[in-house]
Amino acid sequence: MSNTFGTFFRITTWGESHGPAIGCVVDGCPSGLKLSAEDIQRELDRRRPGTSDVVTQRKEADKAEILSGIHEGRTIGTPISLLIRNNDADSSKYEEIKNLLRPGQAEYTWREKYGTIDWRGGGRASARETATRVAGGAIAIKLLRTRGIEIIAYSKEIAGIVADTPSRNGSLEKMRKTIESNPVRSPDTQAAKEMEHAILTAKKEKDSVGGIIEATVYGVPPGLGEPLSDKLNADLAKALMSIPGVKGIEIGAGFELARMRGSEANDPFTINNERIHTTTNNAGGILGGISNGMPIILRLAIKPTATIGILQKTVDYAKKKETDIAVSGRHDPCIVPRAVPVAEAMIALVLADHSLMSGYIPRKLI
Amino acid sequence: MSNTFGTFFRITTWGESHGPAIGCVVDGCPSGLKLSAEDIQRELDRRRPGTSDVVTQRKEADKAEILSGIHEGRTIGTPISLLIRNNDADSSKYEEIKNLLRPGQAEYTWREKYGTIDWRGGGRASARETATRVAGGAIAIKLLRTRGIEIIAYSKEIAGIVADTPSRNGSLEKMRKTIESNPVRSPDTQAAKEMEHAILTAKKEKDSVGGIIEATVYGVPPGLGEPLSDKLNADLAKALMSIPGVKGIEIGAGFELARMRGSEANDPFTINNERIHTTTNNAGGILGGISNGMPIILRLAIKPTATIGILQKTVDYAKKKETDIAVSGRHDPCIVPRAVPVAEAMIALVLADHSLMSGYIPRKLI
Amino acid sequence: MSNTFGTFFRITTWGESHGPAIGCVVDGCPSGLKLSAEDIQRELDRRRPGTSDVVTQRKEADKAEILSGIHEGRTIGTPISLLIRNNDADSSKYEEIKNLLRPGQAEYTWREKYGTIDWRGGGRASARETATRVAGGAIAIKLLRTRGIEIIAYSKEIAGIVADTPSRNGSLEKMRKTIESNPVRSPDTQAAKEMEHAILTAKKEKDSVGGIIEATVYGVPPGLGEPLSDKLNADLAKALMSIPGVKGIEIGAGFELARMRGSEANDPFTINNERIHTTTNNAGGILGGISNGMPIILRLAIKPTATIGILQKTVDYAKKKETDIAVSGRHDPCIVPRAVPVAEAMIALVLADHSLMSGYIPRKLI
Amino acid sequence: MSNTFGTFFRITTWGESHGPAIGCVVDGCPSGLKLSAEDIQRELDRRRPGTSDVVTQRKEADKAEILSGIHEGRTIGTPISLLIRNNDADSSKYEEIKNLLRPGQAEYTWREKYGTIDWRGGGRASARETATRVAGGAIAIKLLRTRGIEIIAYSKEIAGIVADTPSRNGSLEKMRKTIESNPVRSPDTQAAKEMEHAILTAKKEKDSVGGIIEATVYGVPPGLGEPLSDKLNADLAKALMSIPGVKGIEIGAGFELARMRGSEANDPFTINNERIHTTTNNAGGILGGISNGMPIILRLAIKPTATIGILQKTVDYAKKKETDIAVSGRHDPCIVPRAVPVAEAMIALVLADHSLMSGYIPRKLI
């Protein structure tokens, strides 16, 4: 439920932004998977704050400790508990605005729902919780890799600047390298520079920008997905929509399909090397809720960071009166680059779940 | 799981397009709700085939029989079983193409997943199953109405023709009347004519068109939604993405938000009549996964109907060789108009579920 | 949830005792299982009322109609909807006592929970609903048989008369025949006569008796069960405790184990034909929540039928005053014999679920 | 699933006996509950090892650290993460027997299921995991207390010595004191001495004994329980059967009911102080799966500790050959006394879950 993602491969996350720690419990991972703290750290480091000018300057080592579920270097089928201590929380900035509703943020709705919140740094509603998704997702990524499934996401668009989509037939390793070579995680190095500039400009103006992440999943076999209610596209949409700031999801040609004719939109079937596939991929790898063996293609729209330094109109929740707010402190002027590994993690969680559900990945690897 | 939507208010649907019947079991509806077959029929009739030139000519009365869960005109808290007989199934057209993969359809993926399919009329993958969602959703609609929650969806765009969005402050009754007054279910009567024309043109050319449905939910209180994994937007995205043909979802300003700055995107809080709300609604009524009391606004992109009369390249699954296909028979040249009540039903199911989960609607109404 | 049993192989049941019909939806059955209405009818006929003097005289043919999920004689992976019409409901007897709480029955608690009930024949709380479990369970039984798993239950004790336990090494077919050869479903034909006499005596005295059912599951492989929360014994206990009238559950030596010493209770491991097993079976086939390959042995205590003709003290719920009640009508003087196929069905549902969860039975059989 | 108990109020537990730590995540606790580490420690201390001669001598402080979900002394509706470090694990004794199957223990079945185990101290199958249930259950106990629901369990029988059942009308506080005043947790101080003697005798003889725990829940309102599949008795049976060593469950008069007549077994309804209740309580507080407002009475049979010092026949799993085993080390000669708080915790988890599901306890307490 509420803080648990997945049915078969599932993570239960916990923790507040300025509490002592955050973490998650990964349950349902098959036994026999080689797993080390490094596997998790590699992904966490990609999402870590403070690594460039375009992201928040909060300093968190984000070291994940594995507390259970591993024996002699391999998973044993029991829950894997991951713990990340919060080290650089600075709640002082939040004390004075603790009753003010930050526009675009969750304080209002959470207060209405729970009657209370941990107002320090966004509490549980802070995007800091996504670190635990990345940690848990790293295990899913490793698991999927045993069957050759690979996920690559990147910034497709930031502040209106659109990156060229890289070829899906090239080397994945090379594509990953290019994406990681720039602070905005774009596969188009020229666009990357413009994106970086746009972010820094917004930052200087105490404002923020949004963007679009595109993700491709390679190596998915036909047959994953549970119609009707747990269609693969439906579960992906849910998982991605649960990422803070995501306001739109597309699969394949997405909204463009609404403007096409059927004769143009349909992907013709063909046979290649004795395997059935389609000559185009407008469907984005999913038909009738089930994977068709083509790459799965997804896009998610991310709104500009809500927390900005510009003065905004708002309300004091305690006094129930109108007021102004300008939030100083360390915020991401654009969360898109750091959301890239989060998107990959969520996609990995869904695919690991469906791979286990369908029996494509067995429950013991030894 | 697989054929069950929802946790607290849930429907389990069953049935193949050309089998003896389709139906669903609605479980979790509170006791004491007045409910009659007419409440369900009213919604089913909106989705029914054969009502105009722009939809399929299959003739189905789609009469729903209530088999349980009602006593003396009211629900009693037990499961409500709904049954709809299939009367006008014509499988003859499918016999000859039973091994051909219709491009854009689910035969290929279902065959890969299950090793077999009911090939008659799309079997379980046919959009005919959405009739049961509409039937079950009708109960959710009635339940939400006890708390003043109303859902209105319509064709926002068909074949590239965009309808003017109606004011959200007018009379809902009047808006509903306008939408139902034209066969494409658009609130913009001028655009409706153009949409109708575009559909009929595509039909004549044995082709099909797609479009965008927009839905608004009125009267939602602040506080619905279960962070982190069952956020209200995440559950809505999943429910809508599970509708056949949907390839994109937006909430509020959606993809447009990716191009805005934070200062523009954030909805400022204000107080009106002692209640907190926002002066704009780019968030589409949901912040941090929880409703904020503003209207919930959603858009879903629907691809053009996959089944068309134009000759397409495809594969014979049994012979594993390439061939052509042209599907005659009775198909919707555009499924958008009939998908409008389906979208409303799915939204109603999600909101009923969350209303019960949060305690906003109690489990007994008497 | 509430009316759904199981996670992977699951049935959702619906229907009131005197409503138009009862039924269930079986979801998660693998594709490719040969299945006919006869497979289901065979089990339903064992539970059917009116077949002897020791059971209720209500006349129900209990014919199950299969409405979906089967194509060309085999399951196709989609939900299987089963429908049983109620034909011989006689509500007249209930009209006059509709506000009286029958001692030992569920009217009071259901009224408190739901604020209302269908008072005709026990409504949803009637044991009539167990017919749908038997119908759904019949599919699980057929599925388990593809892997050689067989379940046999019988009346171990009725009205204090204890049957000799049959050898677990004999022919299952012969054991089944003996059990079905007498109206009380006991494997001990001598005890069966005494049990029958005890039931008829109680019936003549307008009273009722209870008993104990013992069930054995043969052919279970080691490794079924999901620690910690969904242990095999835990899921079996839940499923069996949900049968109306069950007040106790034992596994293996059960309560007797509480009085043994460890050295006596522990089943020593040994090797036979290169397979590990235990020389005794006090554990009843389950260790640490997971099957160990030995027969699973269970016992369930069933209380005497609550509805009796003897005058009892009770309360008029509407008037909130004390009164008397004596229920005439057609009731089972002992539900144990008819509960035998119900117990088998529930055990089959749990084992089918765990077989699928663990991958022991694949999700497609073709 | 697997390591998660409950639907609405749920705990996900993790950790191996000799790993770095064990813990759990409690999700679904309403906001506004006063909660401190002491509330959890109080219950943990009751289950702690090393407190008397009749329990294991492993020295664990079992200090629980609260890592999330609490702000300013109260719960805030977010997951509560609890961490308990393992301090006194001694794996050396297990090294030499790591391939031997301890009779009555879970090594065999876990190895079959997962292909591997953490063989140190029973790994995940060790009863050490129940500490996390007690920690999580302590929160449920505190929550139930806000509505006056109290649970009291005790050793009803150990090694065949039966304690007198205390009156259910006396002071709960006094009853608790008596139970905690002796190391076997029996309410009958005379029987307690005999039980203690029996345990120490078994211990001296390198053997072990079992027993029966009885639990009573006071203050439960009528109306808790979700028919049909999630009946209150069914959920209690599942939760209790998941405790290591439990092999039988009874509710109310339990197995004795199988020998009664209906006229004797039925609890007559009566009115007292304008409230309906029953004059006897053979049903143990549950009718038709729903609480009836009378005390809920349960009994669970616990087998003697499987790990004993006496030489037993067994099998070397790696070599697949027969051998002997005698386990030295620190074991409970009887786990019944320490299982008392575990039983209370599991009952509390089920009742908290159902109280939230039914709306009896709201989701925010402020």
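Which chain is which? They are A, B, C and D, in the order written, and residues in each are numbered from 1.
Heads up, the rule we're going with is that a contact is a pair of C-beta atoms (placed from the backbone, for glycine too) under 8 Å apart; a residue touches a chain by one contact, two chains touch by 3 or more.
Source: prediction; values computed, not measured.
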Contact counts by the stated rule: is the higher one at A-C or B-C? B-C
Centre-to-centre on C-alpha atoms, which chain is most distant from subunit C? A
I'd like to verify one number: the distance from the centre of subunit A to the centre of subunit B, where each centre is the average of its C-alpha atoms, in whole angstrom. 27
Here the gap between subunit A and subunit C, centre to centre from mean Cα coordinates and rounded to Å, is 46
So, in whole Å, the Cα centroid of subunit B is separated from that of subunit C by 39
What parts of subunit C, by residue number, touch at least two of the other chains? 1-4, 7, 13, 113, 124, 358
Name, in rising order, each residue of subunit D that touches subunit A in their complex. 1-4, 7-8, 10, 12-16, 19-23, 25, 27-28, 31-32, 65, 67-69, 71, 74, 76-81, 83, 113-118, 123-124, 364-366
Considering the complex alone, what residue numbers of subunit C touch subunit D? 1-5, 7, 13, 101, 103-106, 108-110, 112-113, 124-125, 129, 157, 159-160, 202, 207-212, 222-231, 233-242, 244, 247-255, 257-271, 274, 276, 278-279, 282-284, 286-293, 301-308, 310, 312-315, 317, 320-322, 358
Can you name the residues of subunit B that touch subunit D in the complex? 358-359, 362-363
